[in-house]
Each structure stands twice: as structure tokens, then as C-alpha cells.
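What follows is a pair of complexes built around subunit A, which joins subunit B in one and subunit C in the other.
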Partner chain A sequence: MKAFLPKDQLPLLLDALGERIEVIAPVSTDAGPAFVTWHGQPIDLKDKPLSPITEFLLPHKEALFTYIQEAGRYTFKEEEIPSRLLFGIRPCDLHAIALLDRIFGREPPDQAYFRRRRATALVVQNCTSPGKECFCAGLEAGPEAKDPCDLQLTDIGDGFLCQAETPAGILILNASRALLQPALPGHLQERTKLLQKARRAMPQDRSCSQIRQAMESADWEALGRECISCGGCSFVCPVCHCFNILDLGVPDGQRLRCRDSCMFSGFSRLTGGANPRRTQGQRLRHWYQEKFDVIPQITGLPGCVGCGRCHLTCPAAINRVDLSVASRLMDDSSEARR
Partner chain B sequence: MEKVISTCIYCGCGCGLLLHVDGGRIVGASPSLTHPMSRGSLCIKGWLAADFVGHPDRLRSPLIRQGDLLIKSTWDEALALTAASLRSIQKEFGPQALGILTSAKGTNEENYLLMKMARVALGTNNVDHVARLCHAPTVAALGFALGSGAMTGSISSLQSSDAILVVGSNTTEQHPLVASYILRARSRGAKLIVVDPRKTRLAELADLWLSPRQGTDVAWINCLLNIIVKQDLADMQFIKERTYGFVETLHTASAYTAEKAEEISGIPAADLVKAASIFGLAGRGAIVYAMGVTQHFRGTDIVQALANLALVTGNVGRVGTGVYPLRGHQNVQGACDMGALPNVLSGYQQVSSPQVRAKFAEAWGGQLPCEPGLTALEMLWAAESGSLKGLIIVGENPVLSYPHTSRVQKALNELEFLAVCDIFPTETTALADVVLPAACFAEKNGTFTSTERRVQRIRKAVDPPGEARAEMEWICDLTRRLGAIAEYSSPGDVMDEIASLTPIYGGISYERLGPEGLQWPCPTKDHPGTGILHASSFPHGRARLRPVLYLDPPETPDADYPFMLTTGRSMYHFHTGTMTRRTSLLDREVPTPFVEINPEDARLMDIRDGTKVRVETRRGSVSVEARLAEGVSKGDLFLPFHFSEAPANALTAQCLDPVSKIAELKVSAARLKKEAP
Partner chain C sequence: MNEYIPMQAEIVDIDIESPNTYLFTLELQDEGADFRYLPGQFVMISVFGLGECPISIASSPTRRSLQLCIRRAGRVTSGIMDCLVGDVVGIRGPYGMGFPLDRMMRDVVIAGGGSGFATLRSLINYIADRRDEFGRVAVAYGARTSQDLYFMQEYKSWQSAGMEVAVTVDIGDELWKGNVGLVTSLIDRFDLTSGSAAICGPPVMINAVAEKLMDRGFHRADIYISLERHMKCGVGKCEHCSIGPYHACQDGPVFSYDRVRDAL
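Our next item is the complex of A and B:
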């Protein structure tokens, strides 16, 4: 089902949706765009939030269950999972969700992930104006959504071309029918034109094989000396999904699942103190190997979606794409780090 | 899910971040993309800044001591007891028997209200905080030399420097975002000189690494100044037009030839000449320093020596130049600005000035004491000797963080009354008569002032746990119980009063504090704030050069104690670990205390990575695991002070800098023994 939504009707559509379900949307804040619960804030569909949408499926910190001890017996309680509609997510983020589905869906499936995943509707916004850091085209993750979602929007100038792909998507459109106009063939042509332009605007030299090549020739120890071990690249990566489990509270408390990062020495350190990835350079190399060797083996897809967030957040002078120190430094002054 | 814009709680960088709130709980944090410091980046502690907030160990209700136990009570009981105890001490022994240690972790508003309470309600200037143990020498020396004891530029200005001299700062680990600006400058072609006895991560990336013997800084800094002037690299016009005291300073410095400085500091003379020419030739030179400079028994002299160097080379008041003290706590700058110091009121207005006292007395309604009070360590010594009887400690853990642990414990035990306010139980709350549960940074509104003088907001994201309250509430309540006036509707209201009494904060109000905050001095409501100080003149007209002489450190290695022990922080922990040891990923990085030793020394003693060793000084001993570290020079030991199971400060010397009263924390003679496995 296709329809056209004039731009000025967007807040009304969100209003209508917000009455039925918690809508998470990219809003404009004083600290830049961020995905939060929408209650009328100004929407920012232009810039990509730094914290990826995947935090709503794999939270930074999640209580898997609460344990309560009474007279020597433990009882357990799972928390309610909120139903959410994730609005305005990018094709790269959607591709990351498709990857996480495959990773967490391997036997045995990760129930905590799928409880949230099942309660989530996805509304994607195709990228007609990719950011400077973006290279999704080279990794087949954008600028057009190709993975399953409920509803696809494309900004074609004075409004959005809406394409519902699932029953949920059709329900969303039907619920706000009064706001919509019929989609015209011209709309579809405009969509194709804009997305082709967006694809061409992105660097063409950042495909999976090119990054693998850069990995071959990278001086990992030199990069490791620049790295300040902040873990930021993992925390903003929509594909990074490593977590740590801990029980907090005695005798009552919670079993928590917290995000983790292979950039930390404690991640790979063994109980006796030995560490197979002793240096920061080795850990950085591992981060890339996971994305470009291990995840492809598991899922058949590269573990990077080309969103460029790691490049945006990295405080060190490391070019996260071509894995050099110097070239990042060259474009550093002109780089728009917002 | 809501995202609340706030400011990081850890180091003085003052990075902007978003707190992610879901279901009434904080589930994460991420950097602000627009903040001038963080710009989309954070360090590991910043990314995990909110992890401790909902920890089950949080203090949830006021506690009152009954015998050996701390018993749950109510706010009314706890504050009534506190007020009654303080009043009875005040009546019997006078106001000088009371004191307050405020918190560099607290907000500006809290520090202001606490120093107000000390002065008008308790009637004493005995108010101080942990700056005494970090940048008191900076406040004293830069205050004297430049007229303002704060960072002279903005951190982002570092990326425009041509040469950066980093002294006694493990910047990559302790102020990671500052390091990112330094590395940015280096990538532009700036020269980087790192001076540190340890080969830090930044030293590995430096153009020149100088490794002086601990405590010999005055010698090599004087030497650089001497060489720079001799080689005609000094900025004579700047010296002539904008400074006093050049002739005397040069006269003293000229005794420090490269050969003499090499003899004292161990830095090869050739390296000193090289460093002098790099710094002297740079069009824009910046000096960055931290605890390795200040935590010495002549800390004030070392800071003055650095200021001399900056002034003689004309490196003050322009982009890319300046003196950059890196402050350790996110609001240690603000706590100083607010007058949580024994000799000044807010904005560094002297308590000894009758006009200043009259101004505050009129605003506050009451009399102000005129004699400067005791500094932090002096208060503890007064407690030990019995002349200080009652103490309030807010958000500090002196049992671990102050030098000479056993003496601190003894002093606190001698007190008639001790109230401690904190967010977690600590080694210090364990000694208290009354414990007050505080709200942490994510549970209240207020402002912090970062190391670059940037005043910025923190915002309430969640409710405090249990009965815990924002400190402002109980401080005002207690102030009223003690008979003074404290009526404020909000932290913003307090800031308005601060602005009305504090010229450097004069134009600051909550309405004006946007995502970038405002850098003081900001004297009027339409003033944009000041990024770079001293651009055309110094507050007292001209800057003051002052000759400084090298003195041997109070302890040097000898036959009994052959090692030189220095203390400091790990990248993954903060201070006494109250917060970071409750952050699972940080605790996992460094779960146990350790001492770093040079591999060659270790080999001679048959010590391997992980060997249990005992580190002893004349004051005490701790048992820790050895860690072999190439970066530690032969004969040196490095011990972090985060760990209550191996308190580094059981070992530290307590000899004080005569000017700033900072303790000698970086140099202790020590010995090492292998422990039975």
C-alpha cells in the first residue's frame, strides 16, 4: 500500500500514532538529535542521532528479571516490555536490526531480545541526504531500506511517499487515512531519482573488501597507541551487541544485562590474568575482525552497516574507515563534527 | 525513554552528555553532539557515568550513631541532632571549634550554601575542600602571578598550539578529551613535549619525553627559562610591557645551567636544550599540567616556575597559548569559585577585607568572621589535638583520599561530633555520628564549573533513592535551624544570589546557561563570557614573575627505603572508587590494587607480574600485587589510591607546602618486600 503524506501533516500522524503506542522518534535537542519518546517535540529527520535505535531492542542496561528471597526460597519476576513504534529510523539501522535478528535468532534464540523485538514496529526513513560520515551504499545497507520493516517513508520534497510493507504498516496508514493523499507515479519516480543521487553522493571506495584490505595493511599497534580505550565505537555501533551479565543486590536484586565492548582489556582477560588480546592494537583489530570476518561467517552479511557513527564519536586521530592515522588528521580541521 | 542533557560527574573536562531515562531509571548515557568539549565523544568513564546511580548500595535514609551502630532515622531527628551538637560545641568552645569540608563533586549552589552556612551560621571560616589536595598551589601561584588562579585559555584552543609542554599529567588517561585536543594539535604539526617520570601513553606519542627525578621540577623548569633567555628566544616586548620581576627571576634561574639541571633532575642536558628551543621557538606555546606538578611540598613554587616560563615566552592571552591546569574533579573549579576556601568568599573575594565582609553581611543578614580559617589538613590536625570539635564533611572520603590514613582516622575519631553526607557508605561515613543520604548528579538540578571555567547545568533525570535528598534542601534546613536565613525556591534562585555577590559570575543565570554554558569572567547579563583570559591586561595590571629556588624533596631514597614511591590514579577509577568500583565495566578493568614497578627492578627482586608484595614507607605499609611496567623508571614505584583494601595514603608523607598547604603526595621513600604466597 502506498500513499503520500504532506510534510505539515507529519506531527498529526505522530499524534495519531502516539495515542495508540509509545512512539520513539528522532527529536531535535540542545545536544543534537536523539531518539526519545515523542510528545510533540520538534522532529529532526535530517541529522542522524549518535545513539543508534538498537538501544531500544538491546538496552544499555536491562533488568532481565528481579529476584526476591523469602524464607529461603527465591521467586523471579520479569519486567513488562513496552510496545513501541520506532519512527524515522535509517536504512542502516534497519539493516543492523536485520543482522541482530540473525545473530540473536540462532539456536537457542535470545528470548530477552525477541520479547522486545516482537513488541516493536519499525517505520524507516530512506536517506535522501546522507551525512558526511556515511558509507552505507558500499555495504549494501542503504540509502534505501531493503530489509523488512512495517512502513517506509521517503522525503520527496513537499511530503513523504509512504510504503506499507506489513499488516502493521497498513494499519498505521489506515489509522491516519484522513491525513494522506493518494500516491502518484511521479512520487515514485522522484523517490528513485533522489535515492540514486544519495547513493552517488556517498564515497564509492568503502566496500567490505576495501575495508578488509585496509585491515590487512593497518599498523594496529600504531592505531592502538592513538586509541584512548573509551569504548565509544562499540557503544554507538548499531551492530555491536556484546553484553555482560551481573547480579546486583543481595539477597534481593536484579539480574542485569549491560552492554560491553571488546575494546576493554577486561573483556578478554582470563581469570588467571592472562589476556589473549593484550594490547589496545590487538583489541582494535579484533573489533574489525568481528565485523568483517566473524559476523559474515555467522550471518552471511558484513557486520558493519556504514553508518559512520564510530568515526563521529572516536576522540582519537584514527580514521575508522581506512584505518590510517594520518589521513584522518588531514581532513580533521575541515571535518564537520557538528 | 527520555534523554536529559547534563554534565559528566568525573574529571574537570566537564563533558556534555545525555542521560537515558527509561521507566524512571537511568539506563545509559551518551555524549552531546553539540557540547564544545565533548562534541560527540566521551571517555570510558563518561560513557558509564550514570551506571552507579541506581546501585543498591546507595544510602537511602539518614543514620544516627548509637554505640557501634548506625541506626536508621528521620531527617528531622538527624538534622535536630546535628544542629544541637554544633550549637553546643559553638557555645562551649567558640565557632573556631567547628568546620566544614565541602565537596568538589557537589554543585556550585551547594558549595555556596555550605560556605555561607559556615560563615554566618557557624561563625567560622573553617571551610575547605579537596582542592587543598589538588590545585591549591595553582590557585595560589597563578593567582599571584597572573591575577587569576584558573586555566587561562579554553581547552579547544590547545588544538591551535605550535608547541605543547605537558608536565605531570597523564592526560590520555585522566583527562582523555583534553588529550584528544592535544593530539589534534600534534597532527597539525605541533610539537609535543611530555615531562613525566613515567612513560605515559601521551609520552609514547610525544616528540620529546623528559623523565625527571620526582620532586625536581623547579630545577629543570628554571633551566628551560634560563636557556630560552640565553638563546634570545624570550619575548622581551611582552616581558617589558606586561610583567614585573624579570631581572630577579632570571638572576635566580641563570644558576640552573643545563648541566646543573641534569645533575639534579636526571634529564640529559641535551634534551633540556632541545626542549627549550622547541618551546622557545614556538609561535604559540601552551603549558598543560596536573597533579604531578601540584602535589608536592613546594607545589606553589613549581606552578610559579611554569607561569614564569609562559610569561617569559609571551605565551599568555592568545589562542593556542596559556597555562592549562587540568582539574581533577568536575566541579573543583566551582567549589573554589564559590569560596569553599578558608581565606576567600565567592569569586575569590578576601575575607580579610572589611568591604567584602560588609557586602556579604548585608546580603546574608549576620556577622562574618574576619580571620581566615583552617585549611583541610589543618582542620584534621586541630581535631587530632582537640581544638576542633565538630565537623561536617560533604561528599568527601578523607579517610582514603587524604595523606596519612591512620592519622586522619585518629583525628576524625577525636571529634565530638562528625556529620557526613554522601551517596554511598564510605570509610568516612563509618566514623560519623550522623550520616545524611545525598542525591547524586542525576537526581538534582544545579551547575558545575569545568576546568576551563565553563559554568554549565546539570538536570534532574530521576528521583533520589529512598529518603535521600538534594543537599541544597538539608543545607538550607540546617542553616535555618542554626539561626541564619536560607530561603531559596530553587537552585536557580541561589545562582541569582551568587551572581549578585560575585563579580566574575555577575552575568550568569540559569536562563542564560544554554548547551555551551558560559565561561567566567562573565560580569554582566549581556557579557558573552570569556574564553581566553589576560588578552590585553592582567587583573592586577601586570603579571608577576617571581624567582623560585629548587629544594630537595623532604624524603629521598636511602639504604632503608631505596625506592621512590609516587601515587596517582588509574584511568578506570576515580578517587576512592566510591562510584567507579560500583560500575561493573570499570571495576572489571582494574578489580584489584596494584603497584607498578620497573621490570628490571622486579627481576632483581625475583618479582613477577602478580607477585604479592608489601610496600612500606616510614608511615605505613600496604599489601598489593606487583605489576611490571616499562613506563616506570628504575627505582620508582607507582601506586594508585582508589583502593580501601590497600590505601595508598597509608604511605604518603604529610609535609605541607608552606603557601598552599598541599601535602607532599607524590614523593615518599619506600621499600618493597615479597610476601609469602
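Our next item is the complex of A and C:
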């Protein structure tokens, strides 16, 4: 099912959806767009939020279960999972969800993840104006949605071309039928034209093989000396999924799952103090190996979606794509800015 | 089913193996719990409020009780050590790949160092109970001092099951009449020149023993080591235990030496 939604009707569509389900959408904040529960705030669909949508499937902190003690024995309770509609997610993030589905779907499937995943509807916004940091095209993750979603929207100027991909997508459109106009052949042509243009606007050389090449010649120990081990790259990466499990509360409490990062020295350290990845260089190398070697072996797909968030967020200015350090390439980068 | 919700197990017995290491016998409380394991597998044990940690199973599936040998090392293990008989702990598992028993049914060298010997006890007792399926068996075990030697009351029963058992300590004392030195020195006493091997201990010891066995004629792929790794989920998701393409929790903790030699 296809339809056209005039731009000024978007808040009304979200209103109609918000009455039925919790809608998570990118709204403008002082720190740029961020995915939050929508209550009528101004929507920002221009820039990609720095914090990826996958945090609604693998939250920074969630209770795996609650334990309740009575006479030395325990009973366990699982939290209710809210049904949510994730609106305006980017094709790169959608591709990351497809990767997480495969990673968490390996035996035994991670039910804590899939309970949230199954209660989630996905509305994707195709990228007609990718950011400077974006290179999804080289990794086949964008700028157009390629993975299963319920509904995809494309900004074609004065409105959105809406394409329902599933029965849930049709229901989403039917929730606000009066706002929609018929999709015309011209709309589809415009969509194709804009997405081709977006694809061409992205660097063509930043592919999986280019990054693998950079990995081979990288001086990991030198990069490790620049890295400040903040874990920022892991926390903004939509594919990163490392976590820790810890308890909070005695005698009753919760067993929590919290996001973690392999950039931290304690991540692989053993109780006795030995550490299989002792240096920050080894840890950086591991981060890349996971994405470009291990995840491809496990899922058949590169473990990077080309969103460029790690590159944007790195306070040590390590170029996360070509693995150079900005300070050492001062002349080149000023050249590139011109 | 939420994989992270543990079964409950009551501590029914506590044996003191060393001043900082106890052997806990556990009884699962969940009726109809399907808990079948093999030597070399591990469980995630938890004390509610302190958290979870991975512990290899020290008992053999050929015997009725489930036993874990735990050394006081961090927050969770200290919490378990403070438990009394009758207390309840959480158990998830069994997880991981144990020793490949069908490929080990020939001559076997078993070498353990320190607390790494706990997982090997499971294998030794398994072999003792199914003795005719294996060839000649030699056990080498080293600990820091004689105070740190585990399972001392069992060595005799292993010997009567026809196994060669040699024990050493790093630091001798006036009460200790046995060997002083490294586990590798014990390997020289055995005349086995081929077969399979099971090793668990500090990486330096694993490498030294494995090299010595390979010099003897053992194939790298027939030497199985049990690796210690930081683990949180036990089911291949949290990435703490990743070693290249492997997750120690699912593809291990027992690996053939040729697969993980570089990771040691």
C-alpha cells in the first residue's frame, strides 16, 4: 500500500498513532535531534540522532527480572514490556536491528531482547540528505531501507511517500486515512531520483574492504595511545551490543543488564588480574575485528552499517574509518575541509 | 523462556578443600529440572544481590551430586563462601562445550595447576567410573603449597582405579614430604608418548605442558585445554569472553590447543 502524506499533516499522523501506542520519534533538543517518547514536540527529521534507535531494543539499563525473597527461597518476575512504534529511524539503524536480530537470535535466543523486539513497530525514513559522516552506501545499509520494516517514508519535497511493507504498516496508515492522498507515479519517480542522488553524495570508497585494508596497515599501539578509553564509540554504535549483568538490591531486587564496552580495560580482565587484551591498542583492534571479521562470520553481513557515529563522537579524533589520527594528518584534514 | 532466570539450588554440603577454597554440593530445587552435563562444562552461579559468575562443574555426571569447587576471589565467590548449608543460590546452565570424551577414549594425560584442577576432577572421576573405555591415564597436579592441594582424599581412589597420579607444590614446607617443583617436571615421569591430554591452569603452565607433550609426540589437536575468561551471559551474547571468532562460553571453555594457542 502506497500513499502520500503532505508535510504539514505529519504531526496529526503522529497524534493519531500516539493515541494507540507509545511513539518514539526524533525530536529537536538543545543537543540536536534525539529519539524520545513523542508528546507533540517539534520533529527533527533532518539530522540523524547521535544516540541510535537500538537503545529501545537493548536499553542502557534494563531489568532482566526481579527477585523476591521469602523464607530463603526466591520468586522471579519479569517486567512488562511496552509496545512501541519507532518512528523516523534511518536505514542504517534498521540494518543494525537486522544484525542484532541475527546476533541475539543465535541459540539460545535472547528472550529479553526479543520480547522488546516483538512489541516494536518500525517506521523508517529513507535518507535523501545523508550527513558528511555517512557511508552506508558502501556497506549496503542505505540510503534506502533494505531490511524488513513495517512502513517506509521518503521525503520527496512537500510531503512523504509512504510505503507499507507489512499488515502493521497498513494499519499505521489506516489510523489516519483522512490525512493521506493517493500516491502518484511522479512521487515514485521523485523518490528514486532523490535516493540515487543521496547514494552518489556519499563517499564511494568507504566500504568494508576499505576499512579492512586500513585495519591491516593500522598501527594499533599508536592508535591505542591516542584513545582515551571513553567507550563513546561503543555507546553510539547501533550494532555494539556488549553488556554486563549485575544485581541491585538485598534481599529483594533486580538483576540488571547494562550496556558495556570492550574499550574498557576491565571488560576482559579476569578475577586474578590477568587480561587477555592488556593494551588499549589490542582493545581497539578487537573492536574492529568484531565488526569486520567476527560478525560477518556469524551473520553473513558486515558488523558496521556506515552511520559514522563513532567517527563523529570520538573525542580523541581518531578517524574511525581510515584509522588515522587527526593531529598527525593536520595538513590533509585542512585540505579536505576546503 | 527467559534464559537469564536461574534455577534455585540448595547448598546441602560444604567441604573445605583449602583455607580459601570450598567444595559445595548443590541440590536443584526446581522439580523436573533437566540438568545434564559433561565434564568441562560450567554454570553461572549467583548470590542474589551480589551477582553472577562462571564456575566449572567439579563433579562427574556419573555420580549423583552436583559439586562446584569455589575459591574466594571476587565479590560473588566471596558471597558464596559466606553461605551456609541450607542457603539457596541461583544456577544457570550447564553451558559450553566440555571435554570431547569420545575422542579421548585412549591414553590420557591430565594436567592441572591451581584452581584449574577443579574442572579436571570432573573428568578424572568420569574416567574412574568408566575406566574400561579409556587407556592408560596419568594425572599431574600442582598447587602453590600443600595447603592449596584440593581433593587430597581422592588421590588414592584414582590410583586404585589404575591411574598414575603425581602431585607437586611450588613451595615446600616441613609437613610436605612430596614433590616440590613445576607440573611440567611431573610430565617427565610418565612414559605416555601419544594419546589425548586435558590441561587447565595458568596460561604459562598450559603452554609449558602442551609444548612438553608435543615434544613427546602428542598432536596439537589432541591436547584439550579449558580456558578461563571473563563471562557475563554464558550464552554467547555479551561478548566478554570473545576470543577471535569464538565465544569461550559456547565454543569453549574446552578448546583443542591448535584453535586457541595464540589466545593464551
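Details
Methods note: the second predicted complex is superposed on the first by the 325 of 338 C-alpha atoms of A that agree within 3 Å, B and C clash if a C-alpha of one lies under 4 Å from a C-alpha of the other, contacts with A are read in each partner's own complex, and residues count from 1 in each chain.
Following the convention adopted for this analysis, a residue touches a chain if its C-beta (ideal position, glycine included) is under 8 Å from a C-beta of that chain, and two chains touch if they have at least 3 such contacts.
Note that the structure is predicted; figures quoted are calculated from it, not measured.
When the two structures are aligned on the shared chain, A:184 is found in touch with neither subunit B nor subunit C.
Touch criterion met: A:35 reaches subunit B, while subunit C stays clear of it. Legend: residue contacts after superposition of the two complexes on their common chain; A:260 is shown touching both subunit B and subunit C.
In the superposed model, A:56 makes contact with subunit B only, not with subunit C.
Judged by the touch definition given at the top, the superposed model places A:246 against both subunit B and subunit C.
In the superposed model, A:228 makes contact with subunit B only, not with subunit C. Comparing the two interfaces of subunit A, the one with subunit B and the one with subunit C have residues 244, 246, 249, 253, 260 in common.
Those residues of subunit B that touch subunit A in the complex are listed here as 1-3, 5, 16-18, 20, 22-23, 27-35, 39-44, 46-47, 51, 55-56, 172-173, 176-177, 179-180, 183-184, 187-188, 201, 204-205, 514-515, 571, 584-585, 588-589, 591, 609-610. By the touch criterion given at the top, residues 1-5, 8, 29, 46, 48-53, 73-74, 77, 86-88, 90, 202-203, 228-230, 232-233, 235-245, 263 of subunit C touch subunit A in their complex. Per the touch definition, subunit A reaches subunit B in the complex via residues 24, 29-37, 50-51, 55-56, 59-62, 79, 82, 225-226, 228-232, 235-236, 244, 246, 248-249, 253, 258-261, 264-266, 273, 312-317, 325-326, 328-329, 332-333, 337-338. Taken in their complex, subunit A has these residues touching subunit C: 64-65, 67, 69, 72-74, 76, 78, 103-104, 106, 108, 110-112, 241-247, 249-251, 253, 255, 257, 260, 262, 267-272, 274, 276, 286, 289-290, 293-294, 297-298.
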